[in-house]
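Next come two complexes, and both contain chain A; in the first it sits with chain B, in the second with chain C.
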Partner chain A sequence: MTTSASSPALRLDGVSKSFRRETGESVLALDNISFSLDQGGLAALVGPDGAGKTTLIRLLTGLMKADRGVVSVLGIDPAKNPQAIQSRISYMPQRFGLYDDLTVRENLDLYADMHGVTADDKRTQYARLMEMTGLESFQKRLAGKLSGGMKQKLGLACTLVRSPELLLLDEPTVGVDPLSRRELWEIIRSLVKEGMTVLISSSFLDEAEACERVLVLDEGKKLAEGPPADVSSLALSRTYVLQPPDGMKPRDFQARLLADPDVVDAVPESGHVRLVSQAVSGRSGPAYFGGVLAQPTAARFEDGFMVLLQQTGGAKPNPSEEPQPEEALGGSRDDSMVEVHDLDRRFGKFVAVDHASFNVKRGEIFGLLGPNGAGKTTTFRMLCGLLPPSGGSLKVAGVDVRQASASARQHLGYVAQRFSLYGQLSVGENLAFFARAYGLRGKKKSERIAWALNQFKLEPFVRLPSAQLPGGFKQRLAMAASLLHRPEILFLDEPTSGADPFARREFWQRITVLAAGGVTVIVTTHFMAEAEYCDRAAILDNGKVLAQGTPAELRAHAPAEAGHIATMEDAFIAIVVDARSKEAAEHGERES
Partner chain B sequence: MKDCLAKLRRIRALTLKETRQILRDPSSIAIGVIFPLMMILLFGYGLSLDVTRVSVAVVDEDASSDSASLIGAFRLSPYFGVTVVHSMAEAKTLVMNRKADGALLIPSDFARRWHSGDAEVQILVNGTDANQARIMQAYAQGPVAQWSAAHASSSFLAGPVIVVDRMWFNESNDSHYFLVPGLIVLVMTIIGAFLTAMVVAREWERGTLEALFVTPMRAGEFLISKFLPYFGLGMIGFALCLLAGQFLFHVPLRGSLALLCLASMIYLLVALGIGLLVSTLVKSQFLASQLAMLLTFLPAMMLSGFLYDLRSMPVFIRGITYALPARYAVALMQTLYLAGDVGSVVWPNLGVLAAMAAALMIATRLVTRKQLS
Partner chain C sequence: MSPSLFRILALIQKEFLAVLKDPRSRFIIFLPPILQSMIFGYAASFDLNTVPYAVLNQSNSTASADLLSRLDGSGVFRRQADLERTKDISTWIDSSRAILVVRIDQDFERRLVAGGPATVEVIADGRNSNTAGTALGYLGSVVDGFNADWRSGHSQPGPPLRIVTRAWYNPNLDSRWSMIPSLVGTLTMMGTLMLTALSVAREREQGTFDQLLVTPFRPYEIMVGKAVPNMVIGLTQSTTILLIAQFWFHIPFVGSFVVLYAGLGLFLMAAVGLGLFVSSIAMTMQQAMLYAFLLVMPFALLSGLTTPISSMPEFLQSAMVINPLRYALDLTKRVYLEDAGFAQLLPDFLPLTIIGLVTLSGSAWLFSRRLA
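Coming up: the complex of A and B.
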């Protein structure tokens, strides 16, 4: 340690960086950013996809050069002497930087040799890392065969083969199950306790709360900087919890509240609705929203973040833009639209989906919750007839998909992960293409395209190539395309991944309206909190359905704690821990 | 000293990693070992430029003992397969239907004119494959000349002049003689340029390079670790070709083995240099493999003198070949194999290749920066 304890571990002063897109226009990835982090500190970099988080971290590693401003890491300018920094810090990029065709041990050895760790140090350090990550019994397994959570831990272990002076982690928790997330955070906290300086980027706002400092970015601009409490306090005395009126679903109540101009934000939470108001309470007695008494509650980081977004001109879903319900689809609400029984899918020895069973009724919103690799996408592909199941039965809209996948598909709309759009085609051309693909022609076709453009507010972009659409609009276009033929069932695979909070609110608002119109919606997500929007949800892990039911039923799995209402995330962790310990017990019995 | 040791340890670790990846990746084994074997067998047995067993339809309008013995001469030749037909029309049908490659017409006055000394036979060849037609035309002279010589001597008449042609360096006129040296160049090109074009791009695509860059590793160490294993793989391919040439096709090696090895190594360095340079520049596996194909494999096949004679190419295209390393390599290999250590050919070609290898490596080192975007 050559730098004195008082000097900051990293410092940015007026840093800007822009890129040229393939289409030619230049994008400002970072706009006049200043930030600093002291030795031994823990800081979070939060913001939605495209905020500039990765660019900022790459500037610190010396892998990119800033256009303007001062960057200093451990007292060194990364642009002038990148190697000096690269030898002293550790960095985990978004995809962990692991070699899939090397084993766990070989990956560790590679990074240890890169950092010149001696054989003796390796022995002591490996023992510590194995204990920390629980990878001891997987040392000979190929990294490519690890689950998402284990990969992430191995990636972290590779950065810790020696104690770095600064640890940079780029979105280590994205797509990882809540349990692994919690475990990773425990590791990070223990490292900070030992004196390591850590900067972590994340699109999970709750993770910012665990840090000493946060830098909130949005589209390259700094929204806030300082202790997370500074952000949370923006929503001080403006945060409430409301009990929905009798017989009203929390999500319907939430949608109504969100349309109120006095409301900054509203989300369903643990059977209630959490709300951030425009006005500060306390002056005119108890507050009422939607005719319901609002209970004040402590403000969280996300609440403050929503206030901040609004202050800086973020677009709350505008009431006038509220999606208009279509003429309701026929059929009874008791019709079973999707029936899955004992569904199985294997790829060689690997079991991707293991005896899954669930039913979805007409007009229901059904959520499939689980981390990457849980089997959500595989299940989806089988439901859409894109992948034949290895076993079990599967009925969609009353049709056995295994026999007649083409006729079943007529009733389906499917929005794939990362949205399957043609980037070079304009918005109008994309819609025209999908309309033809669904067999629409003539007047019907032009009517539906006009409806989609109007409904999703895409008119201003008709001629714009879809690759150049702003993030949230890509998702709108993908949804519009999937709804052209008025499907009875809509499948959405990770539609909210990496989206900013406003886009996510707006998305669920649309889904709520669709479901009210009789469309059956099946949606996957790794945001556990979004299960609150669903009528029912199933929790998947390692291809197995561990639990299913209404949000309240799922939450009941979490152990009761005084003074704390269980969240969906607590429930998920309880369910997974329970299932894993049962499995371990069974395994133990078989062994003995 | 300590720095140097650390450097060596890093290179060793990276090379070990690369070797493991090669051994575990079926596609690199396929390209490195199976592919050379396939090329050897394919070019060795499948693509022979020699024409044998040309089927010829014979129309014997003369039907004399002389014409019968001329047909016999064709039958005895290893180069011809004879079908006797009764009319020219029939022969034409056979040629049209590709049942026969050509026709031999023995006119009705053949025997009479032979005795007066001005006999004629007509050879008709299917000109759609010009190359084969020319070869067949030349071949047909053989039996005719042989027959007329033998016949002339038996009837104590002065025989026609027999033209003895001799081919230098490839006495048996066996195309393996010049295919095998060219094959070495082709195999080295594939392993060197094609495989390595993928490896750096793969690390860019999978994001592993980003993590490796933020370590004490230097860019040069990374490149060396890419060179070493693929150099080894290329030399295995070379050894396979060498053995096949020696024991399967019995191609004589007239030059020294040491020079042949040296020449192969230097050409391999050139190919590796191209592959790594392309890979580093484009950073996409698909684009890199396409580029490597266009820049190295196709020219090595078409424009190196491996299959087609450079002197028969238009001047403009011949000019382009001077920029292609494969051209020098093929000239080197063919000379070392078939003519021997001819200094005036070996050293200039070797010099050009060595210069290219050095230039490519320097260029690759310069474009490999621990930088993104």
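Coming up: the complex of A and C.
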């Protein structure tokens, strides 16, 4: 084998791969993709769900065969000789196969034995991995009892039990808290420094910036390839930060700015609005948007990505299709819609939610922020009456959900994290069923269904079985179904997870309009930046509410740094680090 | 219409849509009952149509030839071989080439003529006791015929005792007549119990159950909405099998359809109730499938379909009080062949009603307890 330093570690040339859906139509997962990565390089594969990231990685491992094109990994065709490839690379899939009932050490041993690592090698390798991942003191803990971030670190350690020449990581940071995310990235960087070649896929656009090369995919097509700066530079001299006018919420200002055809993208950020303009700023003086002076700022990868998406025909939420506000719901804005006091939930010895308390007023957007396993979904299920609490009190729309369930539920709307409408039924049939489930009949029912179809642009799909809807439309249908009966409170569990940036902007635009109409919205997310859209948010970790307040109040937790406006992510890390060190101190006191 | 009834109707309609739109579930509902009733109708019979047998005829007399020709002429016995030596018997039995071997002694005719008892020795393959028993029964009736004719032909007095049989409701004692009506209950229970147990488990796995629970549906409304469509599907299956019984196998239906469908309705309520009970315990489709099998297998085997309940050990007999299938078998057969009425079938109707009510309310209670 001749793999000189100059030959690429992996190379794709005109690779295509299509799948056949259950319903018969074929889907092009990868369309004529070419890409190469040098030995010792670090590359990121970015794009929304369904872009083809996992398919590409699986082609490289030899688990799948390309329909067309050349795939070469370490000079070998993985489809022809999968065994030879699999002994020289390591692959960590999205859901890594850790055994929950084995300890950290036993999981490591299992993978080491499977790969035939000798006892001597184990000793040196384990010491290195333990130091790298910080799992040293958790060796005897069951893998199932680890937090999401630690599980990913253990998964990574298991894939590294023997030193591979090429490491393939499929979305290792999804659902992981920002702190663990940073730590994972430090591990990855140190591996690259040691000479390993790493390909990592991610739907976090900021992670691309840390790599030497990126491959941007969207619906199987290559949007860009090269150093991340190439993508960022697309938004060069087009990126600004704007201060919202007095008394205006950043999210409302952002919605107004997005409607401007000269604006490519706008997002609320740290109390301001970040904006990418259509035109490059000239020497004609300062730029104004929405009557506000725009401060130029350095372009980031995401800014460039939005320009790229627009250039290749992506759909920015069209102002003429903006969700129309409905006649406002009655009631005072001072009404307390959700009151949670000392809420507890245990599963056996495991404490999923630990004395959580918060209040949400009518028309507020309230965010529950935290990594996977923080207790967001458990809290949610209790609020919706799907799970009885172990302790504490809980009032939704003024009543205890458990006492007066059926009537209280008439005021709720619920959108689960996973698409959970009836897949075999058509869009129209699903809407009709949920309308009737909420007691809508006759003219009222047909009016509301027509409204939902129109608002969520679902008319072309009325007869399509909902399982066959494209990803983003499934979520729209789920929201449409939950809004038919005009609920006073809307619960949304991880609505933006895996969605592309446009779909996320559009989603928040709808939420903003709903809240303006008096709907109380409670939403969970692991995108910290999305807290900027909320009126107030609570930060959860290990089942505890660590902090809550307006986005500005939360950001104030982050240490002040000159020349850097604190982001929600900085705040989250500061809050979690603070809470963990306090807990450790208390623990220490108790022990001594 | 009350809001509660309105919601239940919406759920029933949704259930039908979900089942009928899916080609796979349409297939699962209609094809197996048709196929199974055809297969079991032809294959699962207690009647023996052919009995392969061998003869060791050491008599070689007119009398022995007469006896053997009676056997061969019966249409059931097929002579496979005429053996020469006693040790050949074991070869034919061991290799299963003959179920019976008939040995006729040298002095067979001499003894007959002398008026004394002559013996015909029959070796039967006891490895399959049912078949051997039936074959021996057939042989016995052939021998009875021989005896009677011999006596009258040799002016000897007839036998002191003679059985005259009249089989009521099934004059030819055709086992198909009792087997096929039994399939109505058996096949329908397997189908509906499984379908019901899986329908809730599927919703749980796909997350749609949570979506249903956050709507104003009350647990009992979900119960009813899930029970009714599955009962209707079960009735469709029963009707299919009944039609096959009458128009394909030509088994005459003598009873009242009103009584039969009243009974089937109660039976399906019990079967669906059991299915919902299973699904209130099972968290996944796999669990639901396992639990359902755990119920269906003993219920089907111990229902009296193949072996009489009265011959089971005492404790099993009392355990089978909760088996809805045994009542269903009894009532379908009795209505179908005997024209039994409501009053006669009360011992079937009553337990079915109780099982249905207990399981349905039990599962509604379990569902609501899970939530509160």
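One rule holds for everything that comes next: the second predicted complex is superposed on the first by the 588 of 592 C-alpha atoms of A that agree within 3 Å, B and C clash if a C-alpha of one lies under 4 Å from a C-alpha of the other, contacts with A are read in each partner's own complex, and residues count from 1 in each chain.
Everything below uses one rule, namely that contacts are C-beta pairs under 8 Å (C-beta built on N, C-alpha and C of every residue); 3 or more make two chains touch, one makes a residue touch a chain.
These numbers come from a predicted model, not from an experiment.
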Regarding the shared-chain residue A:158, is it in contact with chain B (first), chain C (second), both, or neither? first
If you stack the two complexes on chain A, which partner ends up touching A:552: first (chain B), second (chain C), both, or neither? neither
Classify the contacts of A:416 with the two partner chains as first (chain B alone), second (chain C alone), both, or neither. second
Should A:87 be classified as contacting the first partner (chain B), the second (chain C), both, or neither? first
Does the superposition put A:109 against chain B (first), chain C (second), both, or neither? first
Which chain A residues lie in the overlap of the chain B contact set and the chain C contact set? none
Contact set on chain C toward chain A in their complex: 3, 6-7, 9-11, 13-14, 17-18, 21-22, 206-208, 210-218, 371-372
Residues of chain A touching chain C in their complex? 381, 384-388, 402, 405-407, 409-410, 412, 414, 416, 418-425, 429, 433-434, 436-439, 441, 465
In the complex of these two chains, what residues of chain B are touching chain A? 6, 9-10, 12-14, 17, 20-21, 24-25, 206-208, 210-218, 370-373
Show which residues of chain A lie in contact with chain B when the two form their complex. 19, 58, 61-65, 82-83, 86-87, 89-102, 106, 109-111, 113-116, 155, 158, 168
